[in-house]
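Naming follows writing order (A, B and C), and every chain is counted from residue 1.
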Amino acid sequence: MLKQLECSRAIAETIARCRPQVVCAYPITPQTHIVEALSELVRDGSLSPCEYINVESETSALSVALGASATGARAYTATASQGALHMAEVIYNVAGLGLPVVMTLGNRAVGAPINIWNDHSDAMALKDAGWIQLFARDAQESLDLHVLAFRLAEELSVPVMVCVDGFVLTHSVEPLDVPSQEAVDRFLPPYQPVQVLDPADPVSIGAMVGPEAFTEVRYLAHHKQLQVLTRLPELAAELAQLIGRPSGALLHPYRLDGAETIVVAMGSVTGAAGLAIGAVALCAFRPFPLAALAEALADARRVVVIERNLAPGLGGALASNVRMALRGRAIPVHTVIAGLGGRPVTRAALRPVFESAARDALDDLVFLDLDNAAIDRELARSGERRRSGPAAENLLRDARRPR
Amino acid sequence: MSQTVRFYQTATFTVGNRLLDPARRTVQASAERANAITSGHRACQGCGEALGARYVLDAAMRATGGDLVAVNATGCLEVFTTPSPQTAWQLPWLHSLFGNAAAVATGVAAALRVQGKRTRVIAQGGDGGTTDIGFGCLSGMFERNDDVLYVCYDNEGYMNTGVQRSSATPPAARTATTPVIGPEGGNVFGTGKSLPLIAMAHRLPYVATATVADLHDLEAKVTRAMTVHGARYLHVLVPCPLGWGHPTDETIQMSRLAIECGVFPVFEAVNGEVERATPIRRRQPIEAYLRPQKRFAHLFAGDAVDPRVARLQALADDNIRRFGIGGPP
Amino acid sequence: MLEIRIHGRGGQGVVTAAELLSLAAFREGQYAQAFPSFGSERMGAPVTSFCRLDAEPIRLREPIDRPDVIVIQDPTLLASHDVLAGLSTDGWLLVNSSRGFAELGLADWVAQFRPGRARCVPASELARQHLGRPLPNAALLGGLAGLTGAVGIDSITSAIRERFAGAVGERNSAAATAAFTLSRTEPVPC
């Protein structure tokens, strides 16, 4: 049933319906409304039985979830940006230990410079930690992906990160349908751990593995991720049946028929790309759906990747992955770095980029809305004097005023 | 005919008291003060942290002759003093992350030492960055006795991100993650930690607590801290009108009440032993402190006063007994 | 699509205003999207919120550059921030003020609008009267309903009551209704 809700609130209600037994909370913008709403739901009895733990750092937040998951409890936490990086060691640990934790990542830029607004750098920093990474294209999908996430995680014993654009999605108030408890219960059975700390049947979790077996362990992790490529569409179809609408996929195609120029993007920015142009909204980023993407791009003459992240010294991380899907095809793949640190990605700015691409007049690497004058001034400044002060602070003096 | 006139010092109630001889006036009373945090910053009206940081930094600048570097944790102070493209800081200032200010300060101090410089180092953060996420780095700095004065501005919650609970949040207080729902709404009893006591357990050369209600006392402690080398810790209570829910012109009043009801003992400790604790001048019951704050409003919302008020009173009584600061009732 | 932009300061309920507007529109069967401009928690800082209304689902998520409606909750912002940027002359302007546009120095600027599309409403005074504090957002929503007809006043008051229980909801609804009536009956410009 549709209700006018803040996306974060709706995510919290959806999580509650997934019946997590341990929820850890450490506040970081822009995820705070999710953990705050969950504290209310636990306190008023809507989510019960559930241990809600206020922790003292993100490392602890995920560590608490780790311990809980290893002991047979369904565990959930949320973070973003600096917090995700703070718990980076634990993120690798959870995946390596095969624990089905589900975590919301409220995508936010990683500093320095400190920045609280949306981009994908936090997710990209952790893309190869062994977690499944799903990107929500809109607020409704951000809810549904969490339900899928718990099922996927527990079936495969792989943790899942649901990426939800910070502020742009998390703080949007719009009509949303929180899946009913009945539908979620039918989709998500109680957690049946593959391994669990149980005095009745003791196991040791967390062994050291040397060269003799490490490669095999890692290969199996890769193998597990590949299973997502078949399981995710199947589970999405099953969930769709129960909630009466489609949700979640490896990727969502838009107007691909006859499109020569196809845009590939992830997250909410795919809405801005909703022009009369072919587009693919990638939902699963890890595992990366090479075959499905290759098929979607089969008739493209050129691809434009809108990338809400920068790989300094290279350009695009998403674009690099996209190029792997185009193995054997010599078509241009343009990288458009857009929306870093929360700069709005507008139709007005994208339109000329797409037109350029269609005329084959677009550079390989483009920074959308770049203030070239400010760049030139800073380069001149640092060229004149070695000790010219911090670059970020210098640029702020020159930057265009934000809208 | 002559007569002896005695001037009664109004002391802490008057900043810049002209009856005091100049040598005993506060740093804030001087036109020559460093103004280390200059005006134009974006703190909320009535912000206790802005006040406390100004007091601390100017006193530290006077004590060090301006030869000082500051390292700041992420939080309100960092955010409202550096609204791009401006900064309110008039001393060298470094902000890295939320939890590593103590470690970064250690690095700054080490670099100064190896270069033979005598510049002093101050690290600062809120309670979230100090008692929670920065706790590990802080203990490391304490344990190594690095030459850093760490100042914690304690407003008892993660205020910058929207008033969430930290380990400095008092029992029963309402925050966004300890909502007033259910039979015992607000923060849970039996949780929380005293950073000053933990600092003392590291046997630091100097540990002190202070508030923004007593300027002379706060400046004296900062000055004394700067006469010492090694790891030092200063814990300053700084009310937050937004997070605590009190009028913006009652920040100093709230600090004074915290002292007078025993909730915040004011003391100095050297090498792990309390050396001096300030006796309470005019003892107040805990209710006088709790009632003006909306974060405790639920304790007084029913027909009878919530029993947790009595438990909070007991905690205050215990502080008074433990530090021997019981004043006349 | 109707795009509304609301300007005010932290603590004046700017974000809540956009949410309530979207809730009111939702109750009428419209598709409504509301979101704030984002920043750290700070009382008194300039805050902007946005609301889009349409009959169809809204996919756009950019900040609103060319609003159809601008609501100014705090006229002190007129001096230092470009809060009126992008408003088309076919649009509507609602300002929280008991003074007129002439006194606010906007008489000339407002003259380019279609008659009846720019108003001042003494929302803070109405709020003081009905709520006992100068929290103007509910009253301004009533004024918005009266000025633009984008949503009905009944939807506004229902949304207010849904969000705020008991006396708080009632008083805010009363303020909204009072502003609505004012905006329909008082001659323009104020």
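Everything that follows uses one rule, which is that contacts are C-beta pairs under 8 Å (C-beta built on N, C-alpha and C of every residue); 3 or more make two chains touch, one makes a residue touch a chain.
In this text the structure is predicted, and so the values were computed from the model without any measurement.
**Q** Closest chain to the overall C-alpha centroid, by per-chain C-alpha centroid: which is it?
**A** A
**Q** Could you compare the number of C-beta pairs in contact for A-C with that for B-C and name the larger?
**A** A-C
**Q** Could you state the distance in Å from the CA-based centre of subunit B to that of subunit C?
**A** For subunit B versus subunit C, the centre distance works out to 40 Å.
**Q** At what distance in angstrom does the C-alpha mean of subunit C lie from that of subunit A?
**A** 35
**Q** Note the residues in subunit B that touch 2 or more other chains, in rising order.
**A** 161-162
**Q** Could you tell me which residues belong to subunit C and also touch two or more other chains?
**A** 40
**Q** For subunit A, what residues touch not just one other chain but two or more?
**A** Answer for subunit A, listing residues that touch two or more other chains: 29.
**Q** List the residues on subunit B that touch subunit A in their complex, please.
**A** Residues 74, 78, 84-85, 87, 95-99, 131-133, 135, 158, 161-162, 164-167, 176-179, 181-182, 185 of subunit B touch subunit A in their complex.
**Q** Using the touch definition from the top, list the residues of subunit A that touch subunit B in their complex.
**A** 25-29, 32, 35-36, 39-40, 43-45, 54, 56-58, 82, 86, 112, 114, 393, 396-397, 399
**Q** Over in the complex, which subunit A residues touch subunit C? Could you list them?
**A** Answer in residue numbers: 2, 4, 6, 29-30, 116-117, 138, 167-169, 171-175, 268, 271-272, 274, 342, 344-347, 403.
**Q** Touching residues of subunit B toward subunit C in the complex: what are they?
**A** Touch residues, subunit B against subunit C: 42-45, 76, 79-80, 159-163, 241-242, 248.
**Q** Okay, in this complex, where on subunit C does subunit B touch?
**A** 40-45
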